[in-house]
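Here it is: the structure, laid out below.
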Amino acid sequence: MSKITSLADLNKRREEMKTGLDIRTKALDPERIVQVKVSMATCGIASGAKTIMEFFLEHLDRRNVSAVVTQTGCMGYCYAEPTIEVKLPGQYPVVFGYVDLKRADQIIEKYIKTGELVDGIIPVNYQIIDLKE
Amino acid sequence: METVKLTIDNKEIEVPRGTTILKAAKELGIEIPTLCYMDLHDLNIENKPGGCRICVAEVQGRRNLAPTCSTKCEPGMVVKTHTARVLNARRTVMEFILSDHPKDCLICPKSGTCELQDMAHRLGIREIPGQEFAEMSTYRQDTSPSIIRELNKCIMCRRCEMMCNDVQTVGALSAFNRGFTAAVGPAFEQNLEYSSCTYCGQCVAVCPTGALTEVNHVPQVLKALNDPTKTVVVQTAPAVRAALGEEFGMEPGTLVTGKMTAALRALGFDYVFDTDFAADLTIMEEGTELLDRLSRHLKGDKSARIPILTSCCPGWVNFFEYYYPDMKDVPSTAKSPQQMFGAVAKSYFAEKIGINRKDMVVVSIMPCLAKKYECQRDEFSVDGNPDVDYSISTRELAAFIRQANIDIRNLHDEDFDSPLGESTGAGVIFGATGGVIEAACRTAYEIFTGKKLDRLDFTELRGMEGVRSATLDFNGTPIKIGIAHGLGNARKLLDDVKHGRSEFTAIEVMACPGGCIGGGGQPLHHGDSEIIKARAAAIYTEDRKKPLRKSHENPFIIKLYEEYLGKPGSEKSHHLLHTHYFDRKDKILVKK
Amino acid sequence: MSSIKIELRKEDVDFIKETCSKFNNDSQELINVLHGCQEHFGYLPAEVQEVISEYLNVPVAKIYGVVTFYSFFTMIPKGKHPISICMGTACYVRGAEKVLEEFKKELGIKVGESTKDNKFSLSSLRCVGACGLAPVVLVGDKTYGRVAPDDVKGILKEYE
Amino acid sequence: MSKYSMHLLVCGGTGCHAAESDAIVCNLRDELEAKVLTDKVQVIKTGCFGFCEKGPIVKVMPDNTFYVQVKPEDTQTIIDEHIIKGRKVTRLLFKDPSTKEAVSDSKHMDFYKKQMRIALRNCGFINPENIDEYIARDGYQALGKVLTEMTPDQVIREIKESGQRGRGGGGFSTGLKWELAKKSVSDEKYVVCNADEGDPGAFMDRSVLEGDPHSVLEAMAICGYCIGSSTGLIYIRAEYPLAIQRLKIAINQARENGLLGNNIFGTNFSFDISLKYGAGAFVCGEETALIHSMEGLRGEPTIKPPFPAESGYLGKPTNVNNVETFASIPAIILKGAKWYSSIGTEKSKGTKVFALAGKINNVGLIEVPMGTTLREVIFEIGGGIKNGKKFKGVQTGGPSGGCLTEKHLDTPIDFDNLIAAGSMMGSGAMIVLDEDDCMVSMAKFFLDFTVEESCGKCAPCRIGNKRLHELLGQICEGKGKIQDLDRLKNMSVVIKDTSLCGLGQSSPNPVLSMMENFRDEYLAHVTDKKCPAGQCKSLMKYIINAENCVGCTACARVCPVNAITGERKEVHLINQEICIKCGACYEKCKFDAIYIS
């Protein structure tokens, strides 16, 4: 990793990141990549988020879905932990709550593979500020 | 100097910037009550944790009440010290404090001199609401050779902790636990005996309540006095005569040497002697040791360690034995005056009057609590019989005199008995910081140079600064003297010695701030450092009035050497008047 | 006063020494040193504090003062499966007290004690920040959420 | 892809309209089956939309139509009109409260999204263990801007103008604080991040550190640049292992990338950060106590002044801010003071993170503009009270905050309004209480916390709070007298008035606010010896209703103290003198024959 020694360096890194270079290094077809984020803050982990994350890592691979599974922080829906966010190519991300192994399986089989929604969707009810707007 | 103007209780005042409301009010004659606060101004010791919240006052524009001990005056401030809000708050807080304090005032050793009791009286507290279901703190009592801790009576003023850590750097006491169960004590709530405590007693000297008091040895003394088979000999330390009067309502600094002697005789002591005699003896031994080391050192003898450190203070001895055991060959090996006295009384004097040492009881009156521990040390006894049997403090003596119905104020002055009651002015000044080294210099100068001193008052060695130094001219040889009082100050000098940075020839150390006059066994000063200064002045007055002011001129000392000891530093002197030191930390750890 | 007396082995003393020197024997780092030692020994017996005192040059009374000030530090060894019941407000209003009572009843011990066989110890703590799962119980590193008094027996059974 | 062309999302939050939602789902599914549309349209139950006031809600995807206050009988219309004919049902559309016009696309109704995430902007969005994801979200841009384009004074002016007040509880102006620290002259200064979130029920700081650690590091560096410090310290609870781990990773990554260390962005500004651990002492949230704790001492507060800005860590000027305060700084720098100060109320700018917990449906972390009302927070975002119970109060500001009630629901939340209402902002915990919570027991619970967490330094807090706690205990046990209420008040006022630090100065707040807002309940305890919420055991009585009792003896057998007598098949009786109110009989009885009085 190269050091960032100027604002220009930082901007360059940001642009690289924004166009999703890191995803491309992991999958050949960026347009078809599925992104899964697992909320892995204390609440989530205490509710079993680790198991869920492992499940997605293992089963997406086993079921031949090219996907990137990452961890993220608290989404704020503590009551519905574990929560995950799934973004299908070209679509809005969808947040699912109360994800146990059964629901995780449904999410892969139904939502990720066929786009069919499953129960437990959590409507995102906040706006996130954009720093450069 | 920059000043600020403010109004306190409708009175205007102008004070230097940085002055607290408490002090400004005092200048106006407004005495705001305080409890945890303590200011020993001349000794540079201040305790203001802002913990008791008794000294609060209303400051216009401020949301809550201000602790006046630690709130600085600001320009235009309007302060009210006795509004209904303030008085109610002060009373309620006092009720809180009392609700967690035993009510056995009648039988408390601090009764009558307790600051909490005084405050309850001042605030007119008549009931403590909710006492019937109020949980009280409970701790076990701990009795060490010198000090009794009764933590149930601790009000968390933190004075003892401040003394033990910030002033003395002994570190035996610390606040532990938190919230309601918090109190101040040694590590693991162990006995003080198993801690680094030096028994300097400064914690006792500042404790506002009965949480820290001295072990009372008066009953044992009374028993000895009533035992017809015992010859009871008493010695009184120099600092006692300068403070005892305070216990009987006399002005601080009143000398009561003659009245004290009369009272002791009235109490029934067979011989009333003076520790000052032993102080003169100490000078002979310590001075000789100093000159010996110095001359060897000047000749290039590497084994002669310079500086020499005084060793008359038992708190100080305990301190270096615990914290600097690797340097135990640096201090003088001379015993303290108390122990020299005991050793001489139970040998020379016992022989002289023809009794067995076992039939003699030596009692010492000391301004000190560490002396209680010192006289119990194994090395200061012969076949289990201690050289000094009991050491009682100035406060204990006062209580004893009161119990014996003696009106000390109206007693006629009496003199000490001979021969161990005769002393010079040099022995007297042992009681104040710098006194030992001044006394030593008076003798050492004359012996070293063979000349007579024309000026006996080494004023450059006197004062209240924590660390002082002066260079004396011993006929061309510069003698660098260091003085420290308070163990924290001593630590600074000792660290220099340890790291080879010290330039001193001799260093005097006294554990207590001010020296023995500020000892842990003295009448309580209640935070007034003027009292300590007045006692020092009294000591120097007594010195000036003495016909003889140099130890080596004391005819009875000369006689003692002629008849019994030979000469200073002789084998017999070594046997009777010198000691050796231990690694006390090791000793404690093994004992525990 | 700690009733437990232990004899420190040479490697124990070495560990404390290393921990202190890792923090440059700086007395300001006392709390970090105590964390390191508690993690290693499971608790902070008097003997350990005495050794720390030596290396950090802090009076042992002060160390004891610090150890007894912070609720994270303990001078009593915990059971093999330390049970902590969150008594934060969120857990409290959702019935943590009843859960705690149930644990006390089942184990026959009070808060701060260990069972005779030293298998379980019981403590209450303030908010682990998993308020969404209130009431929360921790057994060792494992978190149990939405615990009801009826679940207590089952939880304990897992450790039999 | 999906075999479905349309989705009907039905709000299925456990909240207000749970029963109706179920009926709506059922009806929709029946309708679809009847119209043979089950292959094309899928009905999905979702979590709470955070719009309960207008619930139940049905959202039609993909056209984002947002139907509000839908009744089970409306389902046929929705299917017939919208799904089959493609015409939106206007009467069910949400009407913009200002324009009164129906809004057909929920994309245009962002205002329903009452939450606005500034401090939490990256939480749940980025991988906290990957600095590149932070950089992709404009991370470290603010630091870059500050170091290359702005002077420290300009930055401080910007922060001052933004009107941001410290999120740790005190609400002191961040910009002013920085300015004071900058003005202090010293060879060394420190930037400290207070991450000792000890307030039970508050977990926003933990979430930020776990979800977006870099935002804090970046802000600390900005602060260091402003006040002239090259050393940052984060004082973090040891009870937060995950946050510690992520912070360590973040610090290392920032160092590797040259964003911490020497000559950041090629300038001569150097800054590094290390961690200091707390060890479980609530009082260490107070900045002087925190500083003592960092110095390896007991975390006892000292009197201010001197403020840390003059004499703090190691006696050097120190600036202490909390996690949430720092997390918002990069946004203020990049988007400007004007933008930030446009959010919030007159004297409280920006957004505030709240941790919602207690008897509320959507327990979680929310961030709303200052000035949002309690009603919006509790009943909309929070989804209302759990199990359909009645709202009783909300404790804001943690154990030393106050309890607000029904009458405060429409008060806009900001620093000053909360204080005026007898509570405080604190760190932002909100614990919702329902009708089952006894306000004497709650006050006692909070005092229990304060008693345990008091450092013991000053008498009013050390002893006063204990006495307050004991007196509340007496009242809970039915031993209270009417005069005790005055005593409670007097003790509370004096403790507030005389305590050394913020802990004692606020610890009686729950007692005062609960006595004020629930005076009747306190009176019931002391005069009638009754606990209206049925929480105080000593004031409860278990009684057997003779009409229902069949004499099965089950209760007598389960009673641990043999307080129940009665022959088989005869009515049983509970001896009140022996009864310990354990409730075992009550739970055991199958005939509803035991009731609580």
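Should a chain be cited, it is by its letter among A, B, C and D, assigned in written order, with residues numbered from 1 in that chain.
Just so it is clear, contacts are C-beta pairs under 8 Å (C-beta built on N, C-alpha and C of every residue); 3 or more make two chains touch, one makes a residue touch a chain.
Here the structure is a predicted model, which is why all the values come from computation and not from measurement.
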Going by the stated contact rule, which chains contact chain A and chain D alike? C
When I count C-beta pairs in contact, which pair ends up with more: A-C or C-D? C-D
Comparing each chain's Cα average against the average over all protein Cα atoms, the nearest is chain C
Cα centroid separation, chain A vs chain C, in Å, comes to 36
Dist(centroid_CA(chain C), centroid_CA(chain D)) in Å evaluates to 27
Measuring from the mean C-alpha position of chain A to the mean C-alpha position of chain B, what distance in angstrom results? 73
Mean-CA-position distance for chain C and chain B (Å): 43
Each of the following residues of chain B touches two or more other chains, namely 175, 177-178
Residues of chain D that touch at least two other chains are 203, 206-207, 240, 281, 298, 363-364, 452, 455
In chain C, what residues contact two or more other chains? 58, 62, 65, 69, 128-132
Can you work out from the touch definition every pair of chains that touches here? A-C, A-D, B-C, B-D, C-D
Which chain C residues qualify as touching chain D in the complex? 27-32, 34-35, 58, 62, 65-66, 69-73, 87-90, 92-94, 125-132, 134
Footprint of chain D on chain A - complex, ascending: 1, 3-7, 10-11, 13-14, 17-18, 22, 37, 39-43, 45, 70-80, 85, 97, 114-123, 125-129, 131-133
Mind pulling up the chain B residues that touch chain C in the complex? 165, 170-178, 185-190, 195-196
Per the touch rule above, chain A residues touching chain C in the complex are 42-43, 45-47, 77-81
Of all residues in chain C, those that touch chain B in their complex: 1-2, 46, 49-50, 58-65, 68-69
